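Next up: some structures, all given as structure tokens.
In what comes next, chain A is part of two complexes: it sits with chain B in the first one and with chain C in the second one.
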Partner chain A sequence: MSFSINSNVSDVAEVGKVATIHLTGELDSLSARLFQKEIEKIALESPKDLVLDMENLSFMASAGLRVLIFSKQKIGPSLNIYIVKPQEPIVDTLEKTGLLHSVTIVDSYPS
Partner chain B sequence: MESKIFPGTVESIDLIRQYIKEISAHAGLDKKATYNLMLAADEIATNIMLYGYEKAGLTGDLKVLHTITEEELVVIFEDQALPFDPLARELPDEEDLSKPLEERSIGGLGIFLTVSGIDDFSYEYVNNQNRNIFKMKLQKPD
Partner chain C sequence: MATIQDKSINDIRIDYYPTHEHQGMKFRRGHALPFGAATVPNGVNFSISSSAATACTLVLFDRGADKPYAEIPFPEEFRVGDVYCMIVFDLDVERLEYGYRMDGPFAPELGHRFNKDIILSDPYARSLGGRDTWLAEPNWDDVYPYRSRLAFEDFDWENDHPLELPIEDLVIYEMHVRAFTRDPSAKVKNPGTFSAIKSKIKYLKDLGVNCIELMPIYEYDEWENSKPNPVTGEMLVNFWGYSTVNFFSPKAGYAATGKFGMQVDELKTVIKELHKNGIEVILDVVFNHTAEGDHRGHTISFRGIDNKTYYMLTPEGYYFNFSGTGNTLNCNNPVVRNMVLDCLRYWAADYHIDGFRFDLAAILGRAQDGSPLSNPPLLESLAYDPVLAKCKLIAEAWDAGGLYQVGSFPAYGRWAEWNGKYRDSVRKFLKGDEGQVGEMAQRIQGSPDLYFYRGPTASINFISCHDGFTLHDIFSYNEKHNEANGEDNNDGGNDNHSWNCGVEGETDDIEINFLRHKLIKNALSILLVSQGVPMLLMGDEMGRTKKGNNNTYCHDNELNWLDWTLLKKNPDLYTFAERIIKFRKAHPVLRSSTHFTHSDYVGSGYPDISFHGTKAWQMDWSAYNRSFAFMLCGDHAKRGIIKDDMIYVAMNMYWEGLSFELPQLSHDRKWHVFSNTDMPAGEDVSQLGREPLVQNQDHIIVGARSVVILVGK
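Our next item is the complex of A and B:
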């Protein structure tokens, strides 16, 4: 299945730098490499909020979870991670692995 | 048992996932069970391709066998990489899983997801082959 990713960083009043990443398709160990590269690029800008649009992401393997962990470790513990409209099986995976407590699920950002 | 052979390369992982999806549909697994089986198959296939073959400098293939009985769907992965028991390493426990992200170690999540999503997952090494066995219970029609 195809995977695509694009990102941007913008300045938002009263928040600071916000990095937004749109993830589409299936996130497996191969595509997670692209995801990690994107995080490394974004980390240079030290964003306050990281917004991951997962509305069109249909699959996420543990390699994707590892990039979530990596992003917090790379950018810093004060980074807020928002996940926009994740599909049900992905929420299950986040819940099972205890990662759900470290992210905020939202319908849109800013809400 | 029906079988299909995939080259032992990372490019096959995606194709194996789609093949598992087809098998699951054929067996009548529901959406959630299908996703869990695809996820588990992805995790195990990734280990085999990346660590069993690529990083070890070995070449080989991954044979996916399956059979559907009245009670269950059984999928078996056979590969000729070095013996590797995915269940031998310690799985993250409750305490590990409740740690905040910044304190998380990065390993073990794939196997954890495999074991937790499959009704019966097992491993054996037979005739110089790794065999990873996934069993999913089938829901009886009402």
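Our next item is the complex of A and C:
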């Protein structure tokens, strides 16, 4: 399944800037570069929350995980990362590689 | 004004751009150091050395591809000394697999075995592809079966740091990653993996161990020497993993995420989690030989890169076999020595490993011709290395070539040893052999006869380990039963110092089973009150059996897998183990970092340690004696800095009960019973702090083949 990504940044009352990224398909090492570029673009706006819609993402390679870590490092440790409706294998990967505690899994944002 | 700051430094460094092109690949001269493959801006720096190659070619694959997509010969001007180095640009580092072809003479008599038709693994590769999923049938025709890959050193460790617990405070638990949780009774997600260890951290913590020692996790090939069992037809494999393919790569088949190439992250996550729970991680490392075998073995890496450098060779060019496995790594060659050092530094710095246990470490002290060195440079380098300065270094101080250095291993004030003499003395004493009390008195003191200048912390005390019988089997089998290994019961040691208590193997006899449990509790008691560092074998706390097999290296089945239902079957053993571990941790007088002086240097009225027999203050040292007691004075704990209770331990391995006269206590202290292995389950061990008062403060009865521990408080 091919990969697609799109994002937007909006102002949300009482939160501030919220960046939302919709990820679809398989996040492998090549598509991770697109993901990273998107994060770099968003970082310029210094969002408070980063919302990753993964409902339609079926696979994430280690390169994808690294971009998640990269987001925190690029935007800052106070960034809250929300992952919306991740599929089971993705949660599994996040758990085994220790990233699960760095993100919040939600069914929708705002919850 | 335009300033240089407008431009990133990245844009003006000329070494971030290619100068050469070959088959569409762009590259330039690289950096000789570090060895291996390292990411640099815009590319990857490759560096490998060979003292005798005449040419080298870098071979690049896309992940899993049958054929390489590029081969780049190193231009002669890229060679620095013996090192071939180049930076290749625009690689997909996530999907890249790389190897080398080395050209040079094939002249075994001169030590050279070059063959440029073979694609070789990088000895410094940070991860390896090809055995990504445990026992998944590999492509036997693969032109490049063990594929070097990159790993990224950007794991998010947060605030993690190696724990640096004082070694005398450790309770080590020796375990095998796959065997620990592979059995369905473990009831974990992803059984048999690094990740599954996380599910059992609570168990380890409750048991009280604060250090796990992992049997080899460097990449090895479970298919090595695999064969069907001639009797059952079941596949015999290399389960234990004492045969390294690559020293820098974690075993992918141990990772639930190995098939995605995420084993590095998964392992680091487990280590971080263990550290959060106060548990250290020691790796069992095998630097004495490699998986390439002797002259008939496969060429995977070292043999094809620089045979003469990496291996100890006979004058005729054959392999010395001090390891018993075909070859011997040439550890005191300066190039190999540096590789070992680089490797351990990498594991300490990048994986936050707390210590290393060196398999057949006596080999590391042999010269290039095989003779033992009095001042081995490798051991000295490791002892004084700044990166390894806080790591525990533990030697298995013997090898398969007959060098036995327990007590004499070159230690440089740093090295501890697996104390094989502790294991043998305690086993002989426990089964009631005569003539053991003299040696036992040394063993429980941290073996000052062996480690007088090194202190008790040089002694890793153990009664069982992966090699040999489990604690349960020591008291259930007189002889080894290795038929399942397919070698007609000829493999494995015969010096088990074991006793079957009357019946060989499992029995329904209630008395025999009670005796076996009692002997296991005796062993746990002695182990946990001995000075030095105790090490338990995985499962001994629940009566694990390997059915009398003392060499289960080849079994991916119940002979190795920990059966967690034993916790329900033998709850008394678990409770005893858990409480005696807590007892040790609660009493600093049991964990001295210095030897006893046998004198009273704090004015307590008692020496730091005293020995007793059935009469207080009178030890019977005669050869026929099978019992003795010792008392530790709590006022001397940690050289008198901490006040602890008095502790009295009476051990009676005679086949009848004996009355022991108790030493008198001062300051209104009274004797309380912490444990009495002669008592039935439920009454055999107290909860810490709730030890009942001894009714008769003058005498206690120590039952036949029993150990009693008293606390004076």
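Simple rule for what comes next: the second predicted complex is superposed on the first by the 111 of 111 C-alpha atoms of A that agree within 3 Å, B and C clash if a C-alpha of one lies under 4 Å from a C-alpha of the other, contacts with A are read in each partner's own complex, and residues count from 1 in each chain.
What we mean here is this: contacts are C-beta pairs under 8 Å (C-beta built on N, C-alpha and C of every residue); 3 or more make two chains touch, one makes a residue touch a chain.
All values derive from a computational prediction rather than experimental measurement.
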Superposed partners chain B and chain C on chain A - clash or fit: clash
Which superposed partner A:55 touches (first chain B, second chain C, both, neither): neither
Touching partner for A:77 - first (chain B), second (chain C), both, neither: first
Chain B versus chain C as contact partner of A:26, first or second or both or neither: first
Partner chain(s) touched by A:40 [first = chain B, second = chain C, both, neither]: neither
Broader residue contact with chain A after superposition on the shared chain, chain B or chain C: B
Clash with chain B (superposed arrangement) - responsible stretch of chain C out of 147-155, 399-407 or 471-479: 147-155
Set of chain A residues, in rising order, touched by both chain B and chain C: 28-30, 61-63, 65-66, 69, 72, 92-93, 96-99, 102
Parts of chain A lying in touch with chain C, wherever the complex brings them together: 28-30, 32, 61-63, 65-66, 69, 72, 92-93, 95-99, 102
Touch list for chain A against partner chain B, complex: 1, 26, 28-30, 59, 61-63, 65-66, 68-70, 72-73, 76-77, 81, 89, 92-93, 96-99, 101-102
Residue ranges of chain C touching chain A (in the complex, touch as defined): 92-95, 152, 154, 156, 190, 195, 255-257, 260-262, 265-266, 268-269, 272-273
Of all residues in chain B, those that touch chain A in their complex: 10-11, 13-14, 17-18, 31-32, 35-36, 38-39, 42-43, 46, 50, 92, 97-102, 104, 106, 109-110, 112-113, 116
